[in-house]
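Structures are listed in the sections that come next.
Below, chain A partners chain B and then partners chain C, in two separate complexes.
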Partner chain A sequence: MVRLRDPFMDCVRRLDDIASSVDFEGNTAKIDATGLTHKELNDLLRVCVEKGAEKIIIKNVCGQRYIGTRLHFPGKKVEIDVFGIPGNDLGMFMNGHRIVVHGNAQDGVGNTMNDGEIVVKGRAGDVVAMSMRGGRIFIRDDVGYRTAIHMKEYRERVPVLVVGGSSQDFLGEYMAGGSVLLLGLTLKNQKHKANYVGTGMHGGTIYIRGKIEQYQLGKEVGVVEMEEEDYRKVESLVKDYLRYFKDSIKNFELDEIMGERFIKLVPVSKRPYGRIYTYYIRY
Partner chain B sequence: MAMKSHLLPEFIVERDNERCDSCKVCIKQCPFGVHYYDEEKDRVYSREELCVGCQRCVVYCPKNALKVIPYPKHYRPNDYWNESYIRDIKKQAESGGIILTSCGSARRTKIYWDHILLNASQVTNPSIDPLREPMELRTFLGRKPDALEIDLENMEIKTELHPNLMIEAPILFAGMSYGAISYNAFKSLAMAAKKFGTLFNTGEGGMPKDMREEFKDCTIVQCASGRFGVDPEYLNYSAAIEIKIGQGAKPGIGGHLPGEKVTAEISSTRMIPEGTDALSPAPHHDIYSIEDLSMLIYALKEATNYEKPVCVKIAAVHNVAAIASGMVRAGADIIAIDGFRGGTGATPKIMREHVGIPVELALAAVDQRLREEGIRNKCSVIVGGGIRCAADVVKAIALGADAVYIGTAALIALGCTMCQHCHTGKCAWGICTQDPELSKRLNPKVGAERAYNLLRAWSLEIKDVLGGMGINAIESLRGNRDHLRGIGLEEWELKVLGIKGAGE
Partner chain C sequence: MINRISVSDGRITKEVQACAVFGVMDRSGRRFRGGMVINAMKNMRVRGNGLGGGFAVYGIYPEYKDCYALHIMFQDDDPGLKQEVDEFLHRNFDVVNDEEIPTNEEASVEDPPLFWRYFVTPQKKGEDKNLSDDDYVVKKVMYINTCINGAYVFSSGKDMGVFKGVGFPEEIADFFMLDELYKGYIWTAHSRFPTNTPGWWGGAHPFCILDWTVVHNGEISSYGTNRRFLEMYGYYCTLYTDTEVIAYAVDLLMRRQRLPIEVVAKIFAPPMWDQIDRMQENERKFYTTLRMVYAPLLINGPFTVIIAHHGEMIGLTDRIRLRPITAGEKGDMLFVSSEEAAIRAVCSHPDRVWTPHGGEPIIGRLRSN
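On to the complex of A and B.
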């Protein structure tokens, strides 16, 4: 019999065997993630929440995926502090919890996230906030490719992504709703790196601080003037940004950030691809 | 200056004026505006150039006064430049756009089902009479263990089993979204699946909240590239989750549900604002490789606490066997393969007619490959894309499928006549439409009964065929290609199908 290796399920230990990695103090659980697989760590997280933990501190995280994904307990909100580098899909499908990462994050932060907040005190990889539908994500430094791709909003759910640094290509591609704020604090007066910003965008808003040229933007977005309301919104987000990262960002003041020029990108059409098809032409 | 259309009508509407008493039922029934009443002459006339041939008026005319028949060939007969090409060129010359169509491929290509014959028992092994003896069609879908450890003392299975789905016959309803089809059509299928003991599939349009509790055990929820309506609650109110990578009617491209179809109800189910286009990107932007697919499979397992099997659906394309192997290795519990005849609510005609391969060949190749690699037990295989009758189901099972998806056949049971105008959203039968006036034509109770009857009828037929073969459980037919013979097939086709020729 050929044995099929399963990188996720092989060698997963039973709960009893890993229980010693958890330390409970009141409503706070401390997990030492050293040597835990993705599933083991998430098994423990789930048990902690089931046992009533309201705050969970995970130390020595090293690449474990899906932190926060298996915590669908309607009505319950947990705070998770992650020390180390969480793996891909941090907070995927997350619905209301708050995760703070004390370090960098990998790909897929907040993928298809529904509600809650993720704060990354460092940089994040590709597809941050993909298909995100609600909640907020704050990334202190740069993000990778395809950030906020197909982000969408629905009624009271309006997702927000704030990136302190810059992004790579395809920022806000296919974007259908929500707000992205790119502060460009890591740029040092250079222009943003991203190309194809907002290609296929048909909803939502992208605010960009710092230099960006017309050719870097997708055909489906238009640059419009910032209005009073936009400044208010941006300023409130920048305040939160500074509050969240005050320990590690000391060089920036609110006035300095808000003093720079912002541009606002919105879709030209809600239906960018409406006119390339032939319906039966008699109708 | 307005351009005169050069297109000719596709159908002739013949009205028997002896029978017609101008009751105007046809006018009410036709959403395409074919029939109209002339007050002066007190007669009903037809604009046949608008007719799509859906036959609604014919069925509902109380006097049987109507006949809708295809227009005789318009142009000089030409096998190469046939009607279809001339018509499409004229359409494009007048509009400059991609030709949209719906349903599955209508082009003449070899139908392999029709070149495969089934076996029956004679003398050397007895056939079984399904009327007198039990016949087992029950099917389990999901990953199976490599070996079973049994506690003989207590007669219990000691091996930890993966989550499996149990269905009463190897037939499931294929993914058709609420949005592509009407709420009533969607609900008809859900009700039929529940009553029969099989599953229906939400497609990529989410699951209406009011149906979640009632149908959670017979629902496969889909997670497609648009992630419409996908949240933890949706994922958890399900029997299984399906990642849709591709679709037989349009492999490799995404989907566009036009804004005008995004009504208040669709908007709340998909969780997008009313009136905006629902664009499904062509790829999942978090899946660019087998490793990425694995990541999403396990993300979904995480989101549902490893309680549900995860299925991955792809279109049958050239390298399907290798792709399927990768999918199984990525952790898919079920793989679904949609052949090029699979249907859709809207697709560019060029994709529908020219992209993908027949599911018969794809299925045989996938089953063979997974066996060779020793990983066939790791997944169940569901095939779809043009399953027309119980015989197709039996042949699919014998070629190696665990079950089949039926989409088009299910809609035909509800009333569809394959007029191929789903993309206009004006379905006269209340199936592929969001117009409340049209969709109320389909009563979910009646629709469910029709769809249930179809499942029942096919099950009875499958039992008959199995009995004839001397087999009393569908499990014994699975991958049993000895029961198939090819006719009118070339050497390479027999080889791919893994069957002998008739008489061999």
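On to the complex of A and C.
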């Protein structure tokens, strides 16, 4: 019989043995993530916040997952700067903190995030903002498949995702709430390549700047005219986008971005698959 | 990601993980050691669970480059088994050289089988004389795998080899001493998280026939259809793992039928019918024909694969990309990986990283001259 091993918990060191990876200066903690496992890095993040850190700078990140996940400290808001490439599920379940990634991110950024902000100064992978339920995410460049899948909202809690570039297929799949803004700044006048946009969507709004054909949209969404209020909302988000990425994006001005046509996608039904998979049920 | 329920310590725990694949090629043909690919796999350790790791390396046996290098594992301790295989090989091949594959006794692996390698050239007799050398080797490999119980040919190409087993990839690399003993210009690797089939030495990736190898993350729900179709062409699946069908399918399509990977990618991961409907007439006809003729080789279910043979390394996902892939390059070096972090772990400043749409292959070819 082959022994079963746990790749997450094998080789995890005790806090005392990894304490030298942290450096405190006033309210700022610096962590060198070289050689740290996911659990070790997240253990250290927790310790830093418990010790009163308000800003945490993590250097040499290379694939460590779940960064910021285990920081449930109601009322506390910590700013985390990530240098290197964070692993999957960055900021998963995050509740109120702010993470800035100085580079690319992988899959599952902001998975089921509840509150706070994630800013990625690069591209991100698949399922960005999956099941997101609050807070904001800004991705400077492109995103992969199934972005904002099953994003949702409840009363005042309305998540927002802004993507500066384009998206691959199934953007907003099964989306149930919240707002997605896709700016298409990386397209260089070509149309978006994404297919099946908004498939199964039954809540929330998707704003798209740049060319996209009707056949690229899912059967469950309709295109409606942008209204005054939509433009105000979009413009405010674009201003934040330009502010967050002003160091690395110099070619774009607010007027230029807002001058192009936007479309607004909304679901045609709140319950698109009510008749699938079940026999007729009388409620 | 794959969800799996497993029983350990009497408790039921849910494990959320997935396999890892990685490939690196020097398109100038320069051969390099395995340290880079081993470190990349270590970076993705949490994608596997130690129940399978393996490597395919191209360009490792230049002194025997005209011989087929057969790597054979003997699952049973029975000495009669190896004798039976030896006699079969001597009847059908010129065995130019054979030896035990060197292994490190200190490596952290459990119950490894016996590994032997044979450098052989075909000795065709009777009606087999009509077969090409490659077809002859495929036929004999299939014979050993299906008719000699407990012996498996897990590598059968020229100037290349597969090394695999049960353990994390870095443990398998340590066991076969890959970093010290071999240099190649393509390395592909796999870390396994077996879901539907047992974790055993033969079930580890890569899967190989002649010099075609495949590493795979995902699960092939069309396995039954694919397998039955391949049986009609003399390929028999014996390793209890879905990925095997892809190795045989690329041998059939790319070697025997000489289709380029650009077409093969569209057989494995064809465009949807509604996309075909919108194409120009020529294209529409082509893709319709492809889907009709090769319907049984459509690979359904989530997959990311890295396919390699001499001169070419290819990364491909299913058409709706249910498994991740990232490509990177720096100069002549091309990387294909489950995660971008693994590329950056071994190449800190790539010229470019990118992720194509589902079903669009990443292709690395040896530069001519």
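Definition applied: the second predicted complex is superposed on the first by the 272 of 283 C-alpha atoms of A that agree within 3 Å, B and C clash if a C-alpha of one lies under 4 Å from a C-alpha of the other, contacts with A are read in each partner's own complex, and residues count from 1 in each chain.
As a convention for this text, a contact is a pair of C-beta atoms (placed from the backbone, for glycine too) under 8 Å apart; a residue touches a chain by one contact, two chains touch by 3 or more.
Owing to the predicted nature of the structure, the values given are computational and were not obtained by experimental measurement.
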Chain A residues touched by each partner, larger count belonging to chain B or chain C: B
Touching partner for A:K30 - first (chain B), second (chain C), both, neither: neither
First, second, both or neither for A:N88, with chain B first and chain C second: both
A:H38 touches, of chain B and chain C: first, second, both or neither? both
Partner chain in contact with A:R46 - chain B first, chain C second, else both or neither: first
Which of chain B and chain C A:N111 touches, first, second, both or neither: first
Contacts of A:C62 with chain B and chain C, given as first, second, both or neither: second
First (chain B), second (chain C), both or neither touched by A:Y154: first
First (chain B), second (chain C), both or neither touched by A:K233: neither
First (chain B), second (chain C), both or neither touched by A:P7: both
Doubly contacted residues of chain A, that is, touched by chain B and again by chain C: 2-4, 6-8, 38, 65, 88, 107
Chain A residues touching chain C - in the complex, by the definition given at the top: 2-8, 38, 62-63, 65, 84-85, 87-88, 104, 106-107, 125-126, 144-145, 168-170, 193, 195, 215
List of chain C residues in touch with chain A within their complex: 6, 8, 17, 43-51, 110, 166, 168, 199, 274-275, 278, 320-321, 324, 326, 339-342, 344-345, 353, 355, 357-358
Chain B contact footprint on chain A (complex, rising order): 1-4, 6-9, 38-39, 42, 46, 65-66, 69-70, 72, 74, 88-89, 92-93, 95, 107-108, 111-112, 114, 127, 130-131, 133, 146, 149-150, 152-155, 157, 173-174, 176-177, 200, 202-203, 270-283
Residue ranges of chain B in contact with chain A within the complex: 5, 7, 32, 49-50, 52, 91-92, 94-100, 146-147, 225-227, 230-233, 235-236, 256, 258-259, 267-268, 271-273, 275-277, 279, 281, 285-286, 294-295, 298-299, 302-303, 305-306, 328-329, 331, 348, 373-375, 378, 421, 423-424
